[in-house]
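Labels for the chains are A, B, C and D, by order of writing; each one numbers its residues from 1.
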Amino acid sequence: MSAPDDRTSPAATSPRTRPPRWWRLLGRDRGAAAAAVVLALVFLVALFGRLFLGDRAVRQDLRASLRPPSLDHGFYGLLGTDVLGRSVLARLVDAAATTLSIAVPAVLCSLLIGSALGLWAGYHGGMRENVAMRVADVILSFPSLLIAVVVLYVFTPSAMNIVLILAVARIPVYLRTARAEAAELRSRLFVDAARTFGTPASAIIRRHLLPIALPTLLTVATLDFCFVMLTESSLSFLGIGIQPPEVSWGLMVAQGRQYLQTAWWIAVLPGLAIMLTTVSATVLAAWVRLATDPGQRWRLTLPRKRRGERAAVPPEMIA
Amino acid sequence: MRSDRARTVLTLVVSGTMLVTSACAVANSDAAGDAGSAGGGTLRVVLTQEPPTLEPCESSLTATGVVVRSNVTEPLVERDPTSGRLEPLLATGWRQTKPTTWTFGIRSGVTFQNGRPFTAKDAAFSIERAVNSDLACNVDGYVFGDEKIDVRAVSPTRLTVTTRKADPILPLRLSFIEIVPRTTSTGAKVRIPVGTGPYAVRKWETGVSISLARNETYWGKAPAYPRARYVWRSDASVRAAMIDKGEADIATALDPVDATKDSTVAYPNNETTALRLDGREAPLNDIRVRRAIGMAVDRTGIVDALLGGLAKPAAQLVPPGVVGHNDGLATAPYRVAAARALVGRAAADGVPVKRRITLVARNGQFAGIAEVAEALQYQMARIGLNVRIRMADTATHLQYQLRPLPRGVGPIALLIMHGNQAGDAAFTTSQYLLSDGPQSTFGTARLDRRIAAANALSGKARQKAFAEVLAYQNEKVAQYAYLAHMRGLLGLSPSVRYRPDSATGDEMRLAEVRPVKAGNH
Amino acid sequence: MASFLRKRIISSAIPLVFVVLGVFCLARLTGNPVDLYLPLSATPEQRAEFSAAHGFDDSVPVQLWDYLGNAARLDFGVSLRTGEPADAMVLEAFPVTLQLAGMTMLLAVLGALLVGSLAAYRPQSAVDRLAGLLSMTAASIPDFWFAIMGVLVFGVALDWLPTSGTLGGPEVWVLPLATLLIRPFGVLVQVVRGSMVGALSAPYVKVARSKGADATRVVFGHALRNAITPVLTVAGDLAVGLVNGAVVVETVFGWPGIGKLMIDSILQRDFAVLQAAVLLTAVTIFALNILVDVCHALIDPRVRQAVPA
Amino acid sequence: MKPSALPSPTATGRPALEVEGLRVDLHTPSGTVRAVDGVGFGVHKGRTLALLGESGCGKSMTALSIAGLLDPVAEVTGGSVRVSGTELVGLGRAERRKLAGPVLSIVFQDALAALNPVQPVGRQLAEPFRIHRGLSRRQAAEKAVELMTRVGIPEPRLRARSYPHQFSGGMRQRLLIAMAVALDPDVLIADEPTTALDVTVQAQIMRLLRDLQTERDMALVLITHDLAVVARHADDVVVMYAGNVVEAGPVREVFSRPRHPYTRALLDSVPEHAVRGRPLPAVPGSPPELSAVPSGCVFQARCPLADDRCARERPALEPVGASRSAACHFSEELDRG
């Protein structure tokens, strides 16, 4: 998106205005606020939910198999039970922690490695850039689900391995984005200036390139969340995701699919959890992208009926 | 430089090429094919997977056998799955003419689907091909071990089979060998088999379907449907949906969830599930721990909740109806407290009960296996053991199942499903109970001796001896914590009539399927 | 353009080699397939014989060397499962997946261009908000779940569509396409919208409006072609990702495509087929990347000019 | 309503462009602010009016609101804009489109961004003829070549197929101007048309604009912050500060005898007016933020003459001579001093 021209942007007309607090901005966008609340809730549940659960998520009772959601069986019976008679509510809470403990490290790993490599390659250009891009091509040319299948069958399908595979599979996305940004920035005046002062490459990358590329990279990362959760669930469908008795939302959907006709709540509720979380992440990512961009922030403040151009997904986002 | 407009058009053409190819390709699928209903003359069967091959000598592979056996090819002798008795098929009868020699009478007037007449020479050829050739057929070894046999066609209607040692169940073993004409290749496996059966393979469209057509020169009773077609869907809910929708007449291996529907029929499939406990590794090397596991398993709970109430709690590896089944064995009592106490006593004696046991199970081996594994894990953990689950694919599972067993993997509790297709405990004991059995982790010398002795017997004595072997294993060895004798679930559309039996999973006789006549509901 | 293509092809061919090496070594890591193909009670001699016959007793480098040598003569080995040449099996399965993926991408791109442009033209309108919600939801539904729901709802309950399979008229395409489509469509709508909003606020659009251009001319004559570049890039990457989706779709609906073939050959340790399938997929991806680049060049004169430099 | 600034003494009849009391609100993160507050002026055919001011004073916003090209963040909340007698404020989209091109046209500052990068320039130049005259592709292309010849593009027939990035900055600006004058508009707005160019090219572009204006008898609104450009090319000038018109009148009179302290300060800061050996006097301070425009005189914070009255009361734009007006409580004193 082009920078808004300075004649219409109040960011330029009033350069010294203190930007409004981010929560005030957030409060004005009802959609983004709701998304933030949902995400915060998910994270809180993931972090602290297990403290209250005890063994509820694993406690089986084969006599209480497939109870529909109802008020008759106490708090943990609210959302019904699965085929092993475990509380679906407790499992959803437990699964939130597992799901996030896979998605978050996977996204962080690929973000860190991919961005570092990409910025380095893009800044230096030439051979280094070429090699990095070809590495990205190699990874992208492997069907990622298949690598996952091979690796997870050869090694144990532990959470650690799943994180590693998902991280490796997603590195090219960040690598390409970061490289493109760095390649564009490296010819800019301020980078040239820093270079003539003898600033080492690593410092230029850290101090000049990273801050500019970061918002885009973070947006891609937030949206990648969605991809990682869905892939994790596909792995469970093929039977090589998280291994029971651990449980993730993806595993719950995969295991519940055969009960879709008889006990919808087993597969539908975790599916909803995935969708709600990813939609919230997408909405919030679009919002954060605007809010962190000084040239775009003003768009958030339009009155509702005139609210203008808001990019939902940055073009760099690849899924 | 081309004009700008032309460039736009070109871009559209480039990206549109795929659509055109796609659209053309849609037309090539078998749209005009025999998509009609069973009433239209085609019996439509949906399997779980595409057969890897239709080679008759591989028909002991379930996926191959279910299509080939008794439909396309036939054996000399077949075992009646309900009575367990052997019935003549392409043979007319058999006698043990010497201790090591069996003589078979061969049916005359039978022709192969390619028009050639069937003689004893074809029978001899088929046995040689399956057992002594380089094809590495699955039936070789599975049924015959490594003994060499001598087969002779004495006349067009007489066949003799000689073994080195006396083999009292040789006719039963021969029931696994499908008869093919002499012209069949011995160097390579065939893609489209030819046999004497009621149906001939018309077309195998790889990945899509296998079509059969009625063999109009069949020597026996003609089947009701002129054509049959197999398709495969790996997801059970899709197979069930195809029955509901009327897209298929028979669906195999449905989920227990669907057991309540009118369109499903349950049948015992001769499979038995159990946990094989590796008695060489602590803490499983302590018989108290192994016994405790047997007592910790809530068989009725698992059967009712996870297996749709279809299976029967088991106390031994072979189901009723198999020679050697011991009616006197009762399932281990479900007593958690007692089991926990047993483990506690073992722990007091220094057994490292907290060492982590890996429960290995195979994805998709039976419907609900993941849940069963979870239940077993939970129930074992409840008596104080430390258990984790590893769901494996077939290849990995086989590494755990077969000798040489993997090293350095710690104590393994392997969830196995054993199908005794032959109806004689000899196959089970030699594989699963011998101390060096290919699928056994340990045993005792006394058990080995008892098995060897039972193998040499026949008739009532054989039944009694094997029954004692099974009882002895439970009492003194306890390598297995039994789960259940399984039952399969078949989907049947209202327009067909078929009674599945214990062999249906391995050979589905399409000739026995009849249309429901109008007003006969 | 010719030099552009040459350069692009050479630089992309190197990764192809690495893909072949990678899949070869990964496959060897999964162990000797002998257990799967020999009877349970096969003797050690039989096992050794099987391994020798298929070359599994050699060291991995030797196996690799043999494989590369044979592959150079276009001999990709035979399937352990069926005994057929691996390349024949792969080529047979490939068109199905290519058709599925091609149709999917075409529908996804066209649909997303339409919906995304509509949404972008009046940001925050009801249309925009609806499109945003739908696309985000579509992009976050687990595909196998959608597939099975589709079978149960449209196949059984409503009885509108066949449940599965490839036999029949065009209606058999609906559910597999829809399953494969939802995610790329959802993502692309958002990309198109974002990119369109950007293009519509560009100065040249103001100029076009100052010339009196109406909405159609502004959107299709000016903004669309500028907005399509990022859409193409993302569409290319999504198309690559369709191989993953194809595995699920082909598994559920029983389509004999390359995704199912790959999964089956992994599960069956059918290395020759797996390698041939991955190689063909990689070549396709490679061709696709070039196609995307060519489209970029066709659409944007600046890309065309920048290449020889 | 504030008085319109300039009924020009030399022109007769109605002005081609009349702006009265134009108000534009901006919706910013810190609330709604008024970016343009009651701006009014008029331009006759054949005349050039300069809108002068520092960046951010609202001059471009004024131009965009006249042309109806405001970003969604901005909104016209009052006033009137008449072009050749037609009221534009509140006019429907379709009617406005009919006027855009044949009646009113605009030239932007950044020609690279203002030309569609993926279309050959010939096609972009032909577009007005296709839209308004309904010419065929071929006829329109012919017209485009004529236009290119007129604005001095060498080898126009060949260059019509080139893309914007293949032209130099000056050539791009010529193309943009050609596009704007394609249909002989009554009013042409040029928004900083030369800011991005180097000095020699600037002069050529200004000459081209001027020639075209004379040739086609257009009313030209020149938006600029460059006093030299105003002095050389404009007939009248409107000085804007913080969204308000502070002074208006014929260029020669305003520049020789400014009646507003801001105009005077601007003029003082031009090097020619400075005294050698003394530091160049800049306008001290900076314009107020739009969110903090004081209730009194908008210029009070920087004004050397400001007193209590200025803080209390905003001076109206009052006539200060035959054809001039200024918004200052001290305009009389300035004239005398």
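Operating definition for what follows: a residue touches a chain if its C-beta (ideal position, glycine included) is under 8 Å from a C-beta of that chain, and two chains touch if they have at least 3 such contacts.
Just so we're clear, the structure is a prediction, and the values are computed from it rather than from any experiment.
The innermost chain, defined by the distance from its C-alpha mean to the mean of all protein C-alpha atoms, is C.
The greatest centre-to-centre distance from chain B, using averaged C-alpha positions, is reached by D. By number of C-beta pairs in contact, B-C leads over the other of B-C and A-B.
Centre to centre, using the average C-alpha position, chain B and chain D are separated by 87 Å.
Here the spacing of chain A and chain D, counted between their Cα centres, is 47 Å. Between the Cα centres of chain B and chain C there is a gap of 36 Å. With centres defined as mean CA coordinates, chain B is found 45 Å away from chain A. Residue positions of chain B touching 2 or more other chains, listed in rising order: 237, 393, 395-396. Shown for chain D are the residues in touch with two or more other chains, namely 71-72, 110, 113, 119.
The multi-chain contact residues of chain C, meaning those touching 2 or more other chains, are 30-31, 123, 148, 152, 201-203, 225, 299.
Within the complex formed with chain B, the chain C residues making contact are 30-31, 33, 35-43, 46, 49-50, 81-84, 89, 92-93, 95-96, 98-99, 102-103, 105-106, 109, 148, 151-152, 155-156, 159, 162-170, 172-173, 225, 251-257, 260-261, 267-269, 291, 294-295, 298-299. Only residues 7-8, 10-11, 14-16, 18-19, 21-22, 25-26, 29-31, 33, 35, 52-53, 60, 136-142, 145-146, 188-189, 191, 206-209, 231-235, 237-238, 241-242, 244-245, 247, 393-396, 398-399, 402, 431, 438-439 of chain B touch chain C when the two sit together in their complex. For chain C in complex with chain A, the touching residues are 11-12, 14-16, 18-19, 22-23, 26-27, 29-31, 120, 123-124, 132-133, 136-137, 139-145, 148-149, 152, 183-184, 187, 190-191, 193-195, 197-198, 200-203, 229-231, 233-234, 237-238, 240-241, 243-244, 247-248, 259, 262-263, 266, 278, 281-282, 285-286, 289. Of all residues in chain B, only 236-237, 255, 257, 298, 301-302, 304-306, 363-364, 367-368, 370-371, 373-375, 377-378, 388-393, 395-396 touch chain A in the complex they form.
Chain A makes touch with chain B in their complex at residues 58, 60, 62-63, 65-66, 83-85, 153, 156-157, 239-240, 243-245, 255, 257-262.
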